[in-house]
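Chain naming follows the written order as A, B, C and D, and within any one chain the residues start at number 1.
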Amino acid sequence: MNLITKSLAALAVLGMTSAAFAEPVKVGMITTLSGGGASLGIDARDGFMLAIKQSGNKDVDVVIEDDQRKPDVAVQIADKMIQSDKVDILTGIIWSNLAMAVVPAAVAQGKFYLSVNAAPSQLAGKGCNAHYFSVSYQNDNLHEAAGAYATDAGYKNTFILAPNYPAGKDSLTGFKRFYKGELAGEVYTQLGQTDYAAEIAQIRASGADSVFFFLPGGMGIAFMKQYAQSGVDIPLIGPAFSFDQGILQAVGDAALGVKNTANWSKDIDNAANKAFVEGFQAEYDRLPSIYASYGYDTANLMLSALAKASPSDADAFQKALEAADFNSVRGKFSFASNHHPIQDIYVREVVKEGDILTNKIVGTAMTDRSNAYVDDCKM
Amino acid sequence: MLRETPVNIALVLLLLTVPVAASAMDEPFIVTLATKVAIFATAAVGLNIALGHGGLVSFGHAAFFGIGGYGAGILASHAQNYEPLMTWPFTVEGTQQMLIIWPVALLAGGIAALAIGALSLRTSGVYFIMITLAFAQMVFYFAVSWPAYGGEDGLPIYVRNSFPGLNTLRPLDFFAVAFVWFLAATLFSILLSRSRFGLALQGARQNVERVRAVGIDPYRLRLVAFTISGMITALAGALYADLNRFVSPSMLSWQTSGEIMVFIILGGVGRHFGPLAGAALFILLEYALGGVSEYWKFLLGVLLLLVVLFAHGGLIGVVTRRRHHG
Amino acid sequence: MAEPILEIRDLTKSFGALTVSDHISLDLRAGEIHALIGPNGAGKSTLIKQICGELQQDSGSIRFAGRDLAGTGTVERARLGLARTFQVSSVAPEFTTLQNVVLAVQGASGRSFGFLRPVLSDPSLTGPARRHMERVGLTGRENILASILSHGERRRLELAMALAMEPHVFLLDEPMAGLGPEGSVELTAILANLRHEAPILLVEHDMDAVFALADRISVLVYGRIIATGNVDDIRSNPEVQSSYLGETA
Amino acid sequence: MSAALLIEQVLNGLQLGVMLFVMAAGLTLIFGVMGLINLAHGSLYMVGAFACAAVAAATGSFWLGLAASLAAAAITGAIVEIVVIRRLYSRDHLDQVLATFALILIFSEGTRWLFGSFPLYLDVPPILSGAVPLPGGGAYSLYRLAIIGAGILVAAGLFLLIGRTRLGIRIRAGEADREMIAALGVDIGRLYTMVFALGAALAGFAGALVGTIQSVQVGMGEPVLILAFVVIVIGGIGSIKGAFIGALLVGITDTLGRFLLPIAFGTVMNASDATAVGSALASMLIYILMAVVLVVRPGGLYGTAT
């Protein structure tokens, strides 16, 4: 399908949605709106709500609650949404550990869960579930792409580092899955660590030709600023999280030129993405982040499925979701058999547009990438 | 002016009737909230034995809360995966039976409290506050970085552990379990405070020289009190793990230690039903204010500050307009 | 003569350059009241603290009932039968009078690890406690908080707590301090009886009480015992006259 | 392992140490003089960093930002002392812990309300940007060297202030005997406010210096606060000298532990496990250090046991 017909189809879907529902649908969004990781949750929420607003659909009732990035709080909110608000669909969780706390119990109670970000391997493999869909990626994807990119770029001796927690370990495993060179070093830092002088010294001494790091949130900001000051000029590679719109401005020029892997960028050229980026800027007066794009896609996927079936008819609704009959801002988008996306993953470079730091696509790291856990999932 | 006892009885009856009524009106979430109140109150009853009766300001009770939680989580996860906990020198299987999980949580919390207490009680005052914090941080970082049981991601319990004759997945059944434990812990704490041990412990808080001069060793008293305190808090941790069907290092964080202390101070230090009043108020605020504003913690901070500065007897103290004595 | 119950030999203690106990030797015999007098800063309280184990001496020995106390702490010495009252009243302020005395009875019983039975309904504790309170004249004040007792009552409460320990020796650090003349007279009468239970080492400034009660008196000046003897010996001792009694008389 | 790497790691430990000292000095002064445990000290650190970032962004000058961080933290400290803290001096430690815990909530959420949830931008001034060569072939960030210098200057200044000035004499007298100093006719309330503001300014200064190379965001103060407490407890609460020694000890132990432990474990197990176990142990190391110090010396290295 070419771009024009696809966007026409999109308009057609948007036009018919409001007529298609008989009864309102309740959606529970559990996300992080306060404390350290709030910027991610706020973006995911804003992207999600933008899609709902653009659709003009008045029959979707979204209940939003702040999980404070605490698993126990997230579980209680999920209980409340299921028991008290009687929601049909849950979404919104940013962090893998919160997802692991909420998702298995929620889907066991027959609710649908659509992930706007977190997609731990447990939920992709043995623990997969018919009612669980990840719209963003499988957690390993961007790290795998970074490994593939490092190999393509001819790096032979990469230094890799991540925080010492499960997502950090998954990240390095993912990187190594597609990286063919040697490792100059493998270091686990403390979660929440803010000073990376010791690690930077090791990088300097290691003789590496490239550095892969996965340090989400404030950790990445600190690392890059310190790295830029250290006089080490070995090229950096990372997944998109540390180069996201929300934190690039805080990193400053230290991030310029760094290559990062992402399944979305604001310069992907399609009508849906244009509508999203412009709509987001008009609505919130800032550039959208990758989390906003996941939120936006999640909402559109949900709307597309709601147009065909009601969540009360679980099998039909699941089929409608599996069809992924919506226009992703990423372009190509379909679901693998374990309900995780099959999509292209790009290499982006941090550039300056006027005074604003942002990302530009410079290549494709992986095409039609699914995930490593498809075969483990017996649905 | 109200007497304290009727206020206490009213509080307990409220805790009992609200969930029963909510359950009848098909509002299961309110039952869940009440269960949370009962569990937090139990944790605070535990801390109150050290803090209120013994004057031992522990800033590290999250360690015991988390150890209890992990005890439940680890046993349950082994049972779920059909992997024995250990195979040498003898085989120990995991379990989802609360009647086994509870003694394990009590024992694990007791051993940890005994070890931490034995070292920490060599210090006093601010040093005691800080060394208990340090030990809790140690356990926290251990849990975060130890990969076997989920590390930072935590450990899910997919199905709530079971108790003979009850369907613990039904909110009201599980509330009953938590409520009975809360009552048992509170009654034990009341009996304790009036016993020989309680008399000596409270005496040591008021005047340690005097207690030594009558031939009682305060170190042993305090160590036993700290251990009992850690055990009760660990039990509450095991219940909390079951409430959420999930355990994570956040149960071990220093903020958790702070929150358990907040329950006590909100309710009134050294009062037997202070933990209940404090935990109930805290959770009520969390949900009332949390709905009003994203910044509800700002309001919580202001309220806590006002209580500490101006309402020293805590909530029960305000209601009964009476400072606490002994 | 019987062997002394408490026997102090060559006790020495310094804080830096200041020697607070300078080769002190002192005996306490069964049935006697031995008063320790001396000007402020002479080292009387420091001596009491060493005897009850709060401070450890630099050299010299303290023997109690034939046993060397070296290396034992306050708690153990209390268990062995050394009962002490404090110079500044030291009770548990949030407890009632009765609870304070029960605490002492319980300490003497050596059983503090009962967890369930309420102490106040345990006659093996409250019985003796009420008896001791009666002896010091606190009957009827059982349920008063110690913090709101009058000064004199609090001194008597201390004494009741010492009695409750059924000790082998009383160490009384200025029990009359702050009492009016009337209170001193009452307390003197109580103390006079006490010597039949156990001998008393009495640190006191109130000379009327000392002369009325003491069988023997030791005079401590600048950390040294300058004289020991019966009341008449001390009254007539010229060195004591010049260094101590002269000032106060 | 090369000598250059070791030198660089020791410098890193030193840099962490001196910054911890600047944080801990205020904390230990406040405890020594007023007997107050201030959990909200980390919030003042955050205030300093935010003030620096905001002013630097508005004026384009890092140095104005740095001055603003001192002023903002000192003024905030003085206001907090007058409004809240002075009611806590006569209270027990429990009340102090809880009231200042409440202050953390107020400060964190208040800052988030003012500045939003996104981290702020703050960068190293051009003059201190880049790295300088080290003997042995390595290089080291100029800015970090400047931090070490600034920290040592602050330490020297504090020792002079306490040892040589009238304010210092009053502070020492206040530690020794509150009534005596009141009898000398010194306005004790004003003295306390000044000491608190001084401690706050130091925390704000540290926040601005460190925020520049880390990230300026809500909640940045708490990890540092706990480290600073570890420092003053190891050094002995109330002792500036103890805080200095404790800070260097913690800085060096933490940095070298993170660097050396995985290597040490690497000699007995495979590399991946060694890094995991080594980092786990490294993250617990300073708490273990603190526990050991307290068990051996219950009053810290230079403190008096209470």
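Note that a residue touches a chain if its C-beta (ideal position, glycine included) is under 8 Å from a C-beta of that chain, and two chains touch if they have at least 3 such contacts.
Nothing here was measured: the structure is a model prediction, and the numbers come from that model.
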{"item": "Chains touching both chain C and chain D", "value": "B"}
{"item": "Contact distance in steps, from chain A to chain B", "value": "1"}
{"item": "Innermost chain by mean C-alpha position", "value": "B"}
{"item": "Intercentroid distance (Cα basis), chain C paired with chain A, Å", "value": "76"}
{"item": "Euclidean distance of C-alpha centroids - chain A vs chain D, Å", "value": "36"}
{"item": "Interchain centroid distance [CA atoms averaged], chain B/chain D, Å", "value": "32"}
{"item": "Rounded Å distance, chain B centre to chain C centre (Cα mean)", "value": "44"}
{"item": "Junction residues of chain C, two or more chains touched", "value": "none"}
{"item": "Numbers and ranges of chain A residues touching at least 2 other chains", "value": "33-34, 164, 169, 188, 190"}
{"item": "Chain B residues counted as touching two or more neighbouring chains", "value": "141, 144-145, 147, 295, 297"}
{"item": "Every chain pair meeting the contact rule", "value": "A-B, A-D, B-C, B-D"}
{"item": "Footprint of chain B on chain C - complex, ascending", "value": "52, 54, 73-76, 78-79, 83-84, 86, 90-96, 99, 102-104, 106-108, 110-120, 122, 125, 145, 161, 164-165"}
{"item": "Chain B contact footprint on chain A (complex, rising order)", "value": "33-34, 65-66, 70-72, 75-76, 79-80, 83-84, 96-97, 100-101, 104-105, 108, 120, 164-167, 169, 188, 190-191"}
{"item": "Interfacial residue positions of chain B with respect to chain D in the complex", "value": "51, 57, 59, 119-120, 122-127, 129-131, 133-135, 137-138, 141-142, 144-147, 254, 258, 261-262, 265, 269, 295, 297-298, 300-305, 308-309, 312"}
{"item": "Residues of chain B touching chain A in the complex", "value": "27-30, 32-33, 36, 141, 144-145, 147, 150-154, 156, 158, 171, 240, 244-246, 248, 250-251, 290, 294-295, 297"}
{"item": "Residue numbers on chain A that touch chain D, as the complex places them", "value": "33-36, 38-39, 42, 164, 169, 186-190, 192, 194-195, 197-199, 201-202, 204-205, 218, 221-222, 225-226, 229-232, 246-247, 249-254"}
